[in-house]
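Reviewing the structure listed below.
The first chain written gets the first letter, and so on, giving A, B and C; residue counts start at 1 in each chain.
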Amino acid sequence: MEGMNSVKTRKSFGQIRMESFFKRSLITIALLMVVLVLAIMLTLLVHSMPTIKSLGFKFLWGKTWDPISDVYGGYPFLIGTLLTSFIALFISMPFAFAIAIFLGEYKPTGWLSNLLKNTVELIAAVPSVIYGFWGLIVLVPLVQELETKVGILPYGIGIFTASIVLAIMIIPYSASLGREMIRMVPAQLKEGAYSLGATRWEVIKTVVLPYTKSGLFAGTLLALGRALGETMAVTMVIGNSNMLPTSIFGPGNTMASVIANEFTEADHTLYLSALIELGLFLFLVTVIINVIGKRIIKKVTKE
Amino acid sequence: MQNIKIQYRVAKSRVVQGIIVLFAFVVTLPLLAIIFYIFKEGITKINWTFLTHIPKPVGETGGGIANAIWGSCIIVFVASLMAIPLGIFCGIYLSENKTSKLAYWSRLAVDILQGVPSIVIGIVVYFWLVKPLGTFSSFSGSVALAIMMLPILIRSTEETLKMIPFSLKEAGLALGLPYHKVVLRVIVPCGISGIVSGVMLSIARIAGETAPLLFTAFGNPYLNFNISKPMQSLPLLIFNYATSPYDDWHDLAWGAALILLATVLFLNIITKLTTKKWNVQL
Amino acid sequence: MFKKSIQKLAIAMLATVTMAAATANAQGDRTLLGAGSTFIYPLYSKQFSEYNKKTGLQVNYQSIGSGGGILQLTNKTVDFGASDGPLNEEQTKKMGAPVLHIPMASGAVVITYNLPGNNNLINLTPDIIADIFLGKITKWNDPRIISLNKGVSIPAFPILVAHRSDGSGTTAIFTNYLSKVSPEWAKRVGAGGAVNWPVGLGGKGNEGVSGIVKQTPGAIGYVELIYALQNKMDYAKVRNKKGSFIIPSLASVTAASNVALPADSKIFLTDTDAKDGYPISGFTWAIIYKEQDYNARSAARAKEVVDLLWWTIHEGQKFATPLNYAPLSKQALAVAEKILKSATYKGKPIIK
């Protein structure tokens, strides 16, 4: 009897120890995430120190990128990044909103909607290198033809092509979030509008869209964050020119693509750290955009 | 007069609806075009030699992509080995401690991690592992990919476990089960479908990642099973061969693109089907 | 149950990490890692594939560009680098220890272009090439080009310049040439592995530039001869110093590379004085540390590297001609042998 008891006690002691070990390891792992992000930031900061010290943040406004004479200005890539991302956003927005309205309002259920919903989600699943490959082989000749018709230099490769590829890639991000937001619009509001004699479009325009405006904005923001950081697909079709872009049909470079192109061969300190500073900047911008986007979503879904 | 105005409004509504439907479905075209094109170009290249041989030197026809297929499998497997336990446990912590200070910061960290451009992760891992160890290695590639897997894993685990009714947990604790047993034997099994789909989605997401591997796994024309050595992978091979001017290499790239695309889409579709099935059962 | 799974997990992770760490400097594994020049990549891929059949040694060569090869050797992440331009002062300083340049072969950088409907090789002079790459000539039917190519139909296409987006030895050779022949180029752009191009599209590697030129009507770019030949692309005859228009070929490169090599073999062959020499030729080098005992490398590994390079400058040379690289001349080979013999392990020569 005695022995049995002590075995039991020992067993429950073991359980308690196990329990606290379990809790502690959970905490450790949660902490690890924070440490990981800080470590990433710190690594970037430390390795971009040489340029930060010698050039400071005016680095971003320097218009020349010339590794031979050790002159580094990130402005062409800043412009390249902003141009590709915003053109992509501009192209993708009507489509993304159309999907969101269709799936959220017109036809939330049914096989056709399911098919559309799943197809759109699959767009996000296709690896970016495949988009790049396809863009290079299929899209570039099409753009060349278009450019020949319009009568400009038929590069084919360039900012415009990169923007189209990006636009396709980011549609699912704003579309799926938009759909969820639109579905959250209370039925009473819509019914009220219908009972006042509003048509379907008027309901969407005057009730649904204003109600979901911040949610749609957040979705667009997340799509933008995704576009800013996209590397491979852009690198393959943007033309990799380090000059300040002169037209949207001309070649350019984004911050991400210049890192992909030049990181393995940056052979002096300042060169390397200039590339890393671009990475640091990209990191900070995408962090801010993502955090704001997520905050808005959280706020909207709580309401 | 009144009637005409109403007719006009109704007509406008119909027209706009038509436009929206059109725009919504136009989006599926590029995806279909990509799938069709890759399939058309890729299917003729794939045969037994293609799957079991390594690439030939420049200028010789034939050869395959066995090195990249095996490399991708190994890199993704090692990455999963590291990321899955960490991700699931962090997800458990976040769902169990919704309001703690640590949860707040940890959640923020995960949000940040999700938005970090993949190329930046490649740079960071280069400085963490490649430079100190003095060699490019498939292991460093796995670490980079593992970091990319974490946010998806954590989020899907957290979201799934949050949905489990609190009464289940209470019942377990009331029966005198220790906390870790309640979590691991009651709550996690209940949410296993969501967790598994998170795992599959995260694998599908990283299987096609190229940018983090550029400066880590590096590539290798030979078959290699040693994770401390450079290793080829499908996305890297597609990038290198697609931008090359050799037709033989384009062929390899098309075949590789088909294999990669099929795998990724297959994983996604399976995930969708299983989650549906599980939801019905729950 | 849970404890066990945690243990298993911990063991698995630990095993993975230690495996990685332990094998990082594993002895006797039969692989070498090289990186750099895309110029010599076709030759290396053939040579190393043959060497693998012969000895079983796997040489993993990644053509990431000469600049990358130099940097990765500096970071000691590769066993050897490959570059088409000799190291400059800063690069040498950053290496931290003496390095050896071993000439491997010489080749030609050709001016390749895409002019549909034109089957003849066009003639170009140094100043026209410079002006095209400076962005001063923008149409193919520019009077200066037409007058050089009487009887050749040249379409009125706009000229699209394609250049390298990565640091490269091919660029080093080409810009070294342009700087010699065009004072304006020397002043405005300069010579180096990666320059600030006044115009054009960037492609990654010789592969990338050939890709752009092949895909774009009206494009002009510079690539290693083999890339143009294998892709059936057109390339220009270039006027050399002695005034004759030279087709880039094995013979004309050999003529240009027939010079007296300095003891360290670091020399540019551009704008040659040879009458039949193609003016945009250059050597390509393998680069290794002189003292092979670093990063806890084994003596066996050091010997593998030196043996491999020894083989490429002897038996391996027979693969150069079929791929349109000029093999080393007797005199160059003697210099290369001497340089390779000076490689040491713990201060002792590796081969005699």
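Couple of notes before you dig in:
Definition applied: contacts are C-beta pairs under 8 Å (C-beta built on N, C-alpha and C of every residue); 3 or more make two chains touch, one makes a residue touch a chain.
This is a predicted model, so every value here is computed, not measured.
Because contacts link each chain to all the remaining chains, their graph is best described as complete. Of all chains, the one whose CA centroid is most distant from that of subunit B is C. With centres set at the average Cα position, the gap from subunit A to subunit B is 15 Å. Averaging C-alpha coordinates per chain places the centre of subunit B 36 Å away from that of subunit C. For subunit B, residues that reach two or more other chains under the stated contact definition are 180, 243. Shared contact sites, meaning residues of subunit C that touch two or more other chains, fall at 2, 203-204, 208.
Looking at subunit A, residues 18, 22, 25, 264 sit in touch with two or more other chains.
Residues 15-16, 18-19, 22-23, 25-27, 29-34, 36-37, 39-40, 43-44, 47, 94-95, 98-99, 101-103, 106, 116, 118-123, 125-134, 136-138, 168, 171, 175, 199-202, 225, 228-232, 236, 256, 259-260, 263-264, 275-276, 279, 282-283, 286-287, 289-291, 294 of subunit A are the ones touching subunit B in the complex.
Against subunit C, the residues of subunit B that register as touching in their complex are 56-59, 78, 81-82, 85, 130-131, 133-137, 139, 180-181, 184, 218-222, 224, 226-230, 240, 243-246.
Against subunit C, in their complex, subunit A makes its touches with residues 18, 22, 25, 64-69, 140-141, 144, 153-158, 235, 239-243, 251, 253, 261-262, 264-269. Subunit B makes touch with subunit A in their complex at residues 9-10, 12-13, 16-17, 19-28, 30-31, 33-34, 37-38, 86, 89-90, 92-94, 96-97, 102-103, 105-106, 108-124, 126-128, 147, 150, 154, 178-180, 183, 204-205, 207-211, 214-215, 235, 238-239, 242-243, 253, 257, 260-261, 264-265, 268-269, 272.
On subunit C, the positions that touch subunit B within their shared complex are 2, 9, 12-13, 16, 19-26, 29, 31, 33, 41-42, 45-46, 48-49, 52, 58, 60-62, 75-78, 203-205, 207-208, 210-211, 214, 227, 230-231, 295, 323.
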